[in-house]
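Please go over the structures that come below.
Below are two complexes that have chain A in common, paired first with chain B and then with chain C.
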Partner chain A sequence: MAAVTPTPQPGKIEVGKALWEGRLAYLYILPAFLIMAFITFYPIVYQVWMAFTNFELRHLRLQNPEFVGFENFVRVLGGLPIPNYSFGRILVFNTVWTFVNVFLHVTLGILVAVALNIKNLPGKRLYRSLFIIPWALPSLVSGMVWNNMWHERFGAVNLLLQELGLPGNIRWLQETQPVINIPQIGLVLPLSFFAVLIANVWLGWPFMMSIATGALQSIPEELYEAALVDGASGWQKLWRITLPMIRPAMVPATMIGIMMTFNQFNVIYFVTGGGPLGLTQILVTQGFNLVNQQGWYGVASAFNLIVFLILAVITLITNRISRATEPYYA
Partner chain B sequence: MNQRLLALISALVMLGLVLAACGPAAETPEPAGQGEGEPTEAAMAEPVTITVWHGYIETEAETFAAAVDDFMAANEDVTVELLAVPFDQLQSKFQTDAAAGGGSTLITGPQDRMAGYNEAGLLAQIPDDASFLSELVPAAVEGGRIGGVLVGVPLNNKVVAMFYNKSLVETPPADFDELLAAAEELGLAITSDWFHNYMWVSAFGAQLFDDDYRCVLDETGAAEGFAYFKTVCDSPGVTCDPNDGDMDILFRQGLAAFRFQGPWIAGDAISDLGEDNVGATVIPPIPGADYPRTWNQSEMIQISANASEAEQAAALRLIEHLTSAEVQQTFLEAANWIPANQNVDTSVNQVVGGFLDQVPYSDPFPVVTELNATWDPMANAVTQVLEEVLTPEEALVEACELINTANNK
Partner chain C sequence: MAHIQAHTSPARRASVSAGGVMAIGWTALAILLSLGLVVLGLYVIAVRPAASDATSAVPKVAGGLVAIAAGAIILVRYSRVARAYSRERDVRVLRETMNADLVQAFLLIVLASVLFPVLWILSMSLDPRDFSRPTGLTIIPPGATLDAYARVLTNPSPNPVTFLQLLRNSLLVAAGTAALAVAVGTTAAYAFSRFNFPGRRIGMLGFVLVLMIPPGGTLAPLFVLLTAVGLRTSLVGLAIAYTSTALPFAIWNMKGFIDALPFDLEEAAMIDGCSRTQGFLRVILPLAVPGMAVTALWGFLTGWSEFILAWTFLSDPPTFTLPMVLRGMVGQYAAGTSWAMFSAMSIVMSIPAVMVFFFLQRYLVSGLAAGGVKG
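Take a look at the complex of A and B:
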């Protein structure tokens, strides 16, 4: 009886062959991977481990932390013994903060880009250069400047209002009475929200303007000529031609804006500090305070893992939206 | 052939990385740690660089830097690098860095911060037989002990009192009603945080902690004190704001004739208003209550547990210099520090004399870790009361609940 030789499975042959054929490529990326492993992957794994322990300041040197299971996650979601803490309220505020900002960024950016796209507009290049400045400045610097500008006594905003004969003693960053209060959804917006909103819109709209400007250049002029022949109004051209044509560029930019604004630490931290009474705290600033002020490394790790999961969900949704975006021609 | 050459180079690079990672670790000097006594003479003779992190600004920073420069001129084997860190960030920065094996050699700060540092094992023991200790105020030296172990040396004593502008106020008010009447026209600036407003608690007979360091503000009548504080802030001419620097500015620019503050702004106030126009005195008593009792604390300088034997030796020499009568006299004259050295004549300084008058009407900082949990909740309570978000009773109940939960009481 002849011996039966087992036939290698086709899938394994292909993977092995692919690995062998790509050995040089893997060799090239291995150093970068090793570095990434030390500076990125290992800290992430360590943070995940910390989230399941009672890691605090004393555990950095003196003791090993104890495993506490999901206790940190329960505490983060249920309530921590720090003033003004409510995960739900902070999440609602963070979400409103994000989408209000991005809406204003995109709207303002597109409007200015369209205005600057007018043919033969004098000083077009100068305006485009000047309007980039807010985006070019470090957000830390901008945040501190805006904090000073909103100062009740010595801030430029109140001083200007006084010069104009208007009430100039507005407590922009200290007033605790909310301007908008919807307790049913946990939404509380004090005056400081609008102050930091203005600061962040000032920072963020140039990015959208830049994206829109580039996208506008790719719109064929013939479309507008054809629309003109058909008697389209300016509004119709904007709504039927300009916006659909720049959509493939603006949607990914909007997604990036959502990610950046959701985690906009510098503006919140340096303009309002999360106050008054924690009413302008967002998730990343709260997570920072858990470490910086409390020294609760384990709790902060759990907190940030939850934030990561939230962002992952948002990323998946936005990726799906981005893929659904089709070019106007298709 | 080119691909093979590139592959060979890549392999050599990786091999180099692996060998570097697997090689013997560089030898680092072992920290002397606690309880190892005076450093050896050999350690003291080596050139050494030490770092000092502090939270001083303006006059205090300049005076401190000058004192350090004098030390280096007299001790050429020691280089001292100073780093000014924002006061509110100094504690967390040191805790985090030192816990990870880094941080500065020395750190200054209020004595209440020592409890947290010590709990995390960040402080080296100061030898009990250090010669300069005998020149310092014994009670202040004892304030540097935790669990009987000396981990901090006092640089000065600080207590909040009442500054007044002598060009606007001839005689300080005798009680709080007189103060508020004067403030209506002349102005009173108060920092609305917990540190500056502990005094209302004590004026109405309340206390912060019980014997087990459990917050009892909500049980011992502190609400009455906070209610009075609210009426003070609502009085005409009184400005209450959480921004400490802004309130200092009001006094320094002559916009407020009275200011509740510690001696650290005395130098700057004198620079702005003139030496003859800056006075300090006891915060007047509240009619129907008692004298407001402010916090009393020593500013300590501590040595990091990460310091090597040579660094510790150099650090002790610097501490000896900073606490010497000569240098303490300089701090008294320039920065109006209440000296920790008992051989310094304070009678010539009227401002410091005013703060010394306040000392009997002050309570020492409890140097316990439980105090750390009070700062945020109580600052929040102050805001809630002043902004009328909660009544004083409600704010204190909420604050004590947070404090006791955080302290596992």
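Take a look at the complex of A and C:
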């Protein structure tokens, strides 16, 4: 066998030797690989095939979908016969939704973490444990509760406005008149965008606070003492010491946040259901509807492959950005 | 030394006078605010609507008393600070008090916004009114009762399924897939962490790609394939679908964890005559138990509240999971469900998740942070 020959030889034998030496590694991977081959990789490959067929509900039993080429992709991008469907608008909305959310999550998370990092702050432990609640609750439950809270007549938000003597009959989730409308880039934000944004900020910032808290606690005290000697103000300490020191932890957390928010199914689906007029639909909720309501499996496959490509591009870009802004590992 | 002092003292004096005006203004504002609170409290207690009954009068009086108390505390605090300032003419006391109170005010506002939905849902779950909706905000509604919880536990859904069946289904699928994924995933993670072999890079790339698939991203093929093999409407089929995302996640997570364990330990064991596998079983595995527990519980939390696959695949009520029944309590499916029942079900479903989360919070955060920072 190649493995027992002591002298290294070029070409095929070396590959064989490497394979043989990796035999233990392959053995360790084998169970996971077998399972994943059947239930993860095969469905993915099957999805690619389905994307080129007219697979619909009726083919579940008859099993003879026809090959339709790129028709599904063209229809997904160009327009499906669903009311208020526009791939471009959904993509623009999804992007705006992601970046507004993550910006607010990170800002609020860092602000609260910095406030809670003050020495001998009264109530620190209580705040820290209570602030985790929105993150700890299943997002599906939070989504449904927020949907209930935005109810036009009996929801908690309108009741609170009434108690404060303000007009408490706002149609948070039904109002179709857009608040922001920029047709040049296809951006339409109805009132329900702000409702679902508040819900997602509510449940999103504690994650960033936790990451920031961990990072803040690892900043050496001497840096602040040195700054004090130099007469630095509070703002200077924040901008020159605190933020640069927590950046290595916040950058990957922000990337996780971007991916999680881009695909935040539970909040969109349960708070607004994508409405009104499909204006708050994001890609994952639309993809779900294609399978669940329409039963267009071929179209849904093409749709999901396109979404997957978009996610890959976003990952690449965020990776680039995070590496470009990373002076600490050099 | 002398010139340094000469340098710093004018600068300090300048900053004191700049911030000093703000601090003095803030103190005046706080005293005014406290007086306003006291007056408001007295007003609320004194001027009651004539036809008010006992149930609406009690919260009003309580609210008035709270306002008076808060006003009194702020008044005492700031009059003491103001007196100290007039005695010593040192603006630092004012500034420190202002900064501390602004931070507290900010945190209290955040706390109120965090607790608002939680208190709302707790309050509604105690509401005795069946189908009429709440008309005002109360922390404990008049005639509070645990009736909704009793109904959720005995008869959670119009479908023929008991709460125990739902609980069992949710637990089986969530815990089962998480445990299986970690058991199979740990060995694979060990290989990816410790061995260098042909195909390693491609394998890792494959994982990254699979991890990028959004929730429900392979819904269509899984639906078709599981239907074809006749498993789609069963819990086994659902478990297979869950494992297809739980396993890559578990491998990725465990690889990060094993990467952080020092290689010296295994090396020492191998010098002592352990084989590679013995090193894995006796050295790495015991050390990896916390990582395995966190990965499994993370997977459990995901499965516990998974909705997309369960809602799409399952059609037979005895196989339903808790999120599906909760979904049935809102929106177009909610005919015949009171908000009290929905609230009670939300809380019942959240309790295990929140408990697991609080118990594991330290590890979850440190794991995420370590994994993230390492890149």
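Here, the second predicted complex is superposed on the first by the 310 of 330 C-alpha atoms of A that agree within 3 Å, B and C clash if a C-alpha of one lies under 4 Å from a C-alpha of the other, contacts with A are read in each partner's own complex, and residues count from 1 in each chain.
Going forward, a contact is a pair of C-beta atoms (placed from the backbone, for glycine too) under 8 Å apart; a residue touches a chain by one contact, two chains touch by 3 or more.
In this text the structure is predicted, and so the values were computed from the model without any measurement.
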Touching partner for A:L283 - first (chain B), second (chain C), both, neither: second
Partner chain in contact with A:I82 - chain B first, chain C second, else both or neither: first
First (chain B), second (chain C), both or neither touched by A:R153: both
Winner by number of chain A residues touched, once chain B and chain C are compared: C
Partner chain in contact with A:N292 - chain B first, chain C second, else both or neither: both
Partner chain in contact with A:L57 - chain B first, chain C second, else both or neither: first
Partner chain(s) touched by A:P31 [first = chain B, second = chain C, both, neither]: both
Which of chain B and chain C A:T176 touches, first, second, both or neither: first
Set of chain A residues, in rising order, touched by both chain B and chain C: 24, 28, 31, 60, 151, 153-154, 292
In the complex with chain A, residue positions of chain C that touch it: 8, 11, 15, 103-104, 106-107, 110-111, 113-118, 120-121, 133-137, 184-185, 187-188, 190-192, 195-200, 203, 206, 209-210, 212-225, 227-228, 240-241, 243-245, 247-248, 251, 276-277, 280, 301, 304-305, 307-308, 311-312, 323, 326-327, 329-331, 339, 342-343, 346, 349-350, 353-354, 357-358, 361, 365-366, 368-369, 372-373, 375
Of all residues in chain B, those that touch chain A in their complex: 3, 6-7, 10-11, 13-14, 17, 92, 95-96, 99-100, 116, 119-122, 241-242, 246, 376-377, 379-380, 383-384, 387, 389, 398-399, 401-402, 405-406
Chain A residues within the chain B interface of the complex: 24, 27-28, 30-31, 34, 57-58, 60-62, 81-84, 151-154, 174, 176-177, 276-277, 292-293, 295
List of chain A residues in touch with chain C within their complex: 15, 18-19, 21-22, 24-26, 28-29, 31-33, 35-36, 39-44, 46-47, 50, 55, 60, 63, 108, 111-112, 115-116, 118, 121-123, 127, 129-142, 144-149, 151, 153-154, 156, 159-160, 162-163, 202, 210-211, 214-215, 231, 233, 248-249, 252-253, 256, 259, 262-263, 265-266, 269-270, 273, 283-284, 287-288, 290-292, 297-298, 300-301, 304, 307-308, 311-312, 315, 329
